[in-house]
Amino acid sequence: MKIRQTAIFSAVLLAALVFLFPFYVALLMALKTPKETFDSFYGLPSSLNMANFASAWSASNYPSAMLNSFLITAISITLIIFVSALAGYSIARRNKPFYNFIFIVFLAGLVVPFQITMLPLYKLGKDLGLLNTHWGIALIYGGFGVQMGVLFYAGFIRAISTEIEEAAKIDGCSTPGIFIRIIMPLLKPVTATVLVLNALFIWNDFLLPLLYLQDKAYRTIPLQQYFFFGQYSSDLNLAFAYAVMGMIPIIAFFLLMQKYIIKGIAAGAVKG
Amino acid sequence: MKKSNKLGLCLLALMLMLTACGGNSGTQTGGTPDNTPQGGKAAGNGEKVTISFMHFKSDFTDGMNKIVEQFETENPDIKVDVQPVKYDDYYTLLKTKMAGGDVVDVFTLNAGAQTKLFVDGGYLEDLSGKPFLSNFEQSVVDSQKTDGKNYIMPMNANPIAVFYNKQIFSELGIEVPRTYDAMIAAAEKVKAAGKTPFALGWKDGWTLGMWIGRDLPSNTALVANQPDFFEKLETGEVKFADNPAIKTTIQHAKELFALGNKDQLGVDYNGVVDLFAKGEAAMMYMGTWPLADIQKKNPDIYNNMGYFPYPFSNDEKLNKLEFNPDASLAISSKSQHKEAAEKFLAFMASKEGGDLLVKNINSLSYVKGTDTNIAPAVNDLKPYFDSGDMYDSQVYLAKTTIDWSGQLIQNLQKLFFNKATEDEVIQAMDNWVQKNHK
Amino acid sequence: MANLKRIIRGELWYVLFLIPGLALFTLAVLVPLGMGVGYSMTSWDGLSPSAKYIGWSNYTRALADSDLWSALWNTFKYAIVITILVNVIALLLALLLDSYLKFKNVFRTVFFLPGVISIVLSGFIWKYNYAIGIPNLFSYFGVELTSPLGDPDYALLGLIIIAVWQGIGSPMIIYIAGLQGVPGELLESARIDGANTTRTFWHITLPLIAPSITINMLLVLTGALKVFDLVYVTTQGGPAFSTEVITTYIFKISFSSFQAGYGTALSMIFFLILVIVTVVQISIFRRREVDL
């Protein structure tokens, strides 16, 4: 048994190292000078060289990109949570053809490839003045996120017993009252999951910002990264320093929120 | 697990997957342009005017910024918002913006097909007769005309030729080759000596594209004597099968591939510049842009490398120096700040602007009287500059919009890996032309 | 009458609750979809101010477009291999992590980590790993490797490796959750009855986690069919068309060949294919789950 455990552990460890290898290379590149990389690709840097980070920082307007990414992600997620919880509640509690139809429409929307909507989305954004604003792109993310959000909230709310709601109704509580006082406090686990997963997607999304945020002042981190790679394609070390810098916030966020992902799944599996 | 559990799990899972790792896909977009420019606010008296300037010299972002800074110092009432974009994505982004009604005041274009497309769409300001155009040789200005008018101002130009490692050449007793066969013989010698004959960098589409985009038109127009081949190709009057030069280019491609660096399609431009800078490769077909990089990485090689015209044929007299316009500048017809934009162009056309360009982006300026001393290697080409033994293969492509090069690249790659024969490549090209253009 | 009024008032709130979500969904998906249908019937080049209506010609042209079919073939090859690999590896890792393993939370984090970074980033990192990093590493052991992305026979595989690296995290977590739902007593009693690990896995664990398998298969497959960013930032469809997938083909048609109308028609066809795949897959797995 002991040997088996060790064998399994070693296998998993090896797999983990393979998974981490690309990160290691990125970090190594980021810490070395072009000359050091040129001389030996795997050689360790002669000193802990932060110069790449410093020049990437000053060349890239990093704080502004950070702020944009943060604002857009936050506004979008707030929207998604708000509209999905409401719609999910309706669908979960009214088991009628009309609501089921709406539910299926949301579901079908998930299959639409971006290719079709991309072109019109740009035109629409242009005509409605959604380009180069934080809230404009957030509205679109709201429309994307609500499909999944509704699925999620409806599933979660269906599993909540209706007894308390019935009682509250008899006591004269209105539908919004029930939703705010009884349902909302129960939605924390599912909300945490919706939040985390949308955050990952919106933070990393590239094509929609490429179209909607062409004004330099509104660039998000992936967009800024993309332009940065283009500009410094011959200075790989600088590009990698920027890559590492771009990864830090989202990895930190993931590590902090990790338990909510896992918890969310556990909650869904038990309650759903 | 109960059925209800299943649903909950599914929903969670659905959420997780599609958001966390769903392949996010898309095309970029267009839309019909409307006439409400959003780029510019009307400038009042004494107010600072901001013009946007998008360019594809993104490898020289810092260099371009220095030139712009100098312009801003001299014109304190104008601010230039510079937007460098990678060449590979430049036209997609520019077209998206234009089609969506965004205004970029000044932008770079390539003379020829791309310019024609923008002219046809009505996006370019007519620059004919502007005083700053007189700072260029009339022949250059004329060669960049579209439908008889000047919509673009020439900016810089590059020789596209073959860098070689002088030490390897002298050790193996190789003379600078003047014909194609001599170049291949030299390459064979290098290979026999255990070094890499050609640094190709064909992982990037543009490196191979740059080469076929010159070898084929050169051989078509000058060897096969069909200078109007590509125009006729677009209208369907001729086929690739009618052009003996296509066979020549395919043959050349095969030979270069066989004599190229290992992992020919896996190593990109940066990789081969490294290879050449390390002294491991003997020859590299390229413009002047890697010079700064090579100087940084290995000054010894930088000071001991040469540059010779690419011999596309076996006729020495035909093998002149390929000298191409690189970027040209255009002003948007929808610009709200045409005056400021013209000032910027006038600055770029001045001797000062030209010299700054030469200094900061290692390229030759078209402005009369500017510096030509870029690097030791480029001085090898001085005899050609002086005698005027230069040509521009791109003029043979100027009147067409058919973009065959991307398609030929992919088909050649099939050939390299024995997935297609020569005839199949030609056939595939003709099928593609027939399908995509009238 | 008062009764009816009450019903309406009661229902009204539920309908009102739907409106914000539906409005956003209409803006971001339904309207663009409708506009897309319109574009697909034109010969618009993507740049000129006007577009000509040409009816169904784009669609009939697509049927005869052999490049479309080879792009679809590549797409399905890519998607099916990924679906199998991701699910097998994710399940394997989930099984290992579900056992009494030291640092299992650390490992879980590590396997999830690649999925957190953007595709632009991972494509960038891997491109250099393939071209320089990995060949350099193997050269220490005297093995000469070249970048798979430079060889038409291996380029698709090269992309698959990146996608597996990035895509394993979420399915793995879903499998872990599924495995935690398998009652321990059931496994225990099977072991007492003399069933070995393999037998318990095939006969008890696997049927019990069937819902997780269904959902993972479905989501990985549809996600992989829609791949774009990864191909776009690494190979752009090359070499020799070997990684040309449906989405990059549509992109090229729309932009490099200036045929936005035709490109949109192709994406409509792609939409149809996705719907069919989804429906077929759901019905297959539904039936299988019932059988179990």
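Order as written gives the chain letters A, B and C; numbering starts at 1 within each chain.
Operating definition for what follows: contacts are C-beta pairs under 8 Å (C-beta built on N, C-alpha and C of every residue); 3 or more make two chains touch, one makes a residue touch a chain.
This is a predicted model, so every value here is computed, not measured.
Novice: Select the category (line, ring, star, complete, other) that matches the graph of chains linked by touching.
Specialist: Drawn as a graph, the chains make a fully connected set, so complete.
Novice: Name the chain whose C-alpha centroid is farthest from the C-alpha centroid of chain A.
Specialist: So the farthest one, by centre of C-alpha atoms, is B.
Novice: A-C versus B-C: which has more C-beta pairs touching?
Specialist: Spelling it out, more C-beta pairs touch across A-C than across the other pair.
Novice: If you average the Cα atoms of chain B and of chain C to get two centres, how far apart are those centres in Å?
Specialist: 35
Novice: Averaged over CA atoms, how far is the centre of chain A from the centre of chain C? Could you give it in whole Å?
Specialist: Here the centre of chain C sits 16 Å away from the centre of chain A.
Novice: Could you pull out the residues of chain C that touch at least 2 other chains?
Specialist: Those would be 115, 119, 132, 173-174, 177-178, 181, 222, 226, 228-229, 247, 250-251, 254, 260, 263, 267.
Novice: If a residue has to touch 2 or more other chains to count, which residues of chain B qualify?
Specialist: Within chain B, the residues that touch at least two other chains are 5-6, 9-10, 12-14, 16, 18, 20, 22, 24-28, 30, 32.
Novice: In chain A, which residues are in touch with two or more of the other chains?
Specialist: 113-115, 118-121, 123, 149, 200, 205-207, 229, 236, 261, 265, 268-269
Novice: Could you pull out which chain B residues touch chain C in their complex?
Specialist: On the chain B side, the touching residues are 1, 5-6, 9-10, 12-14, 16-18, 20-28, 30, 32-33, 88, 91-92, 95, 98-99, 117, 120-122, 202-203, 205, 262-268, 271, 401, 403, 406, 409-411, 413-414, 416-417, 419, 435-436.
Novice: Which residues of chain B touch chain A in the complex?
Specialist: Against chain A, chain B makes touches at 4-16, 18-20, 22, 24-32, 34, 58-59, 61, 81, 83-86, 89, 93, 96-97, 100-102, 270, 273-274, 277-278, 290, 293, 296-298.
Novice: What does chain C use to touch chain A in their complex?
Specialist: It comes out as residues 10-11, 13-15, 17-18, 20-22, 24-36, 39, 93, 96-97, 99-102, 107, 109-122, 124-126, 128-129, 132-133, 136-137, 140, 165, 173-174, 177-178, 180-181, 222, 226, 228-229, 247, 250-251, 254, 260, 263-264, 266-268, 270-271, 274-275, 278.
Novice: Which of the residues in chain C end up touching chain B in this complex?
Specialist: 44, 46-51, 65, 115, 119, 127, 130-132, 135, 144, 146-153, 166-167, 169-171, 173-174, 177-178, 181, 208, 211-212, 214-216, 219-220, 222-230, 236-241, 244, 247, 250-252, 254-260, 263, 267
Novice: Using the touch rule from the top, collect the residues of chain A that touch chain C in their complex.
Specialist: 5, 8-9, 11-13, 15-16, 19-23, 25-26, 29, 41-42, 79, 82-84, 86-87, 89-91, 93-94, 99, 102, 105-106, 108-109, 111-121, 123-124, 139-144, 146-147, 149-150, 174-176, 179, 200, 203-207, 222, 225-226, 229, 236, 239-240, 243, 246-247, 250-251, 254-255, 258, 261-262, 265-266, 268-269
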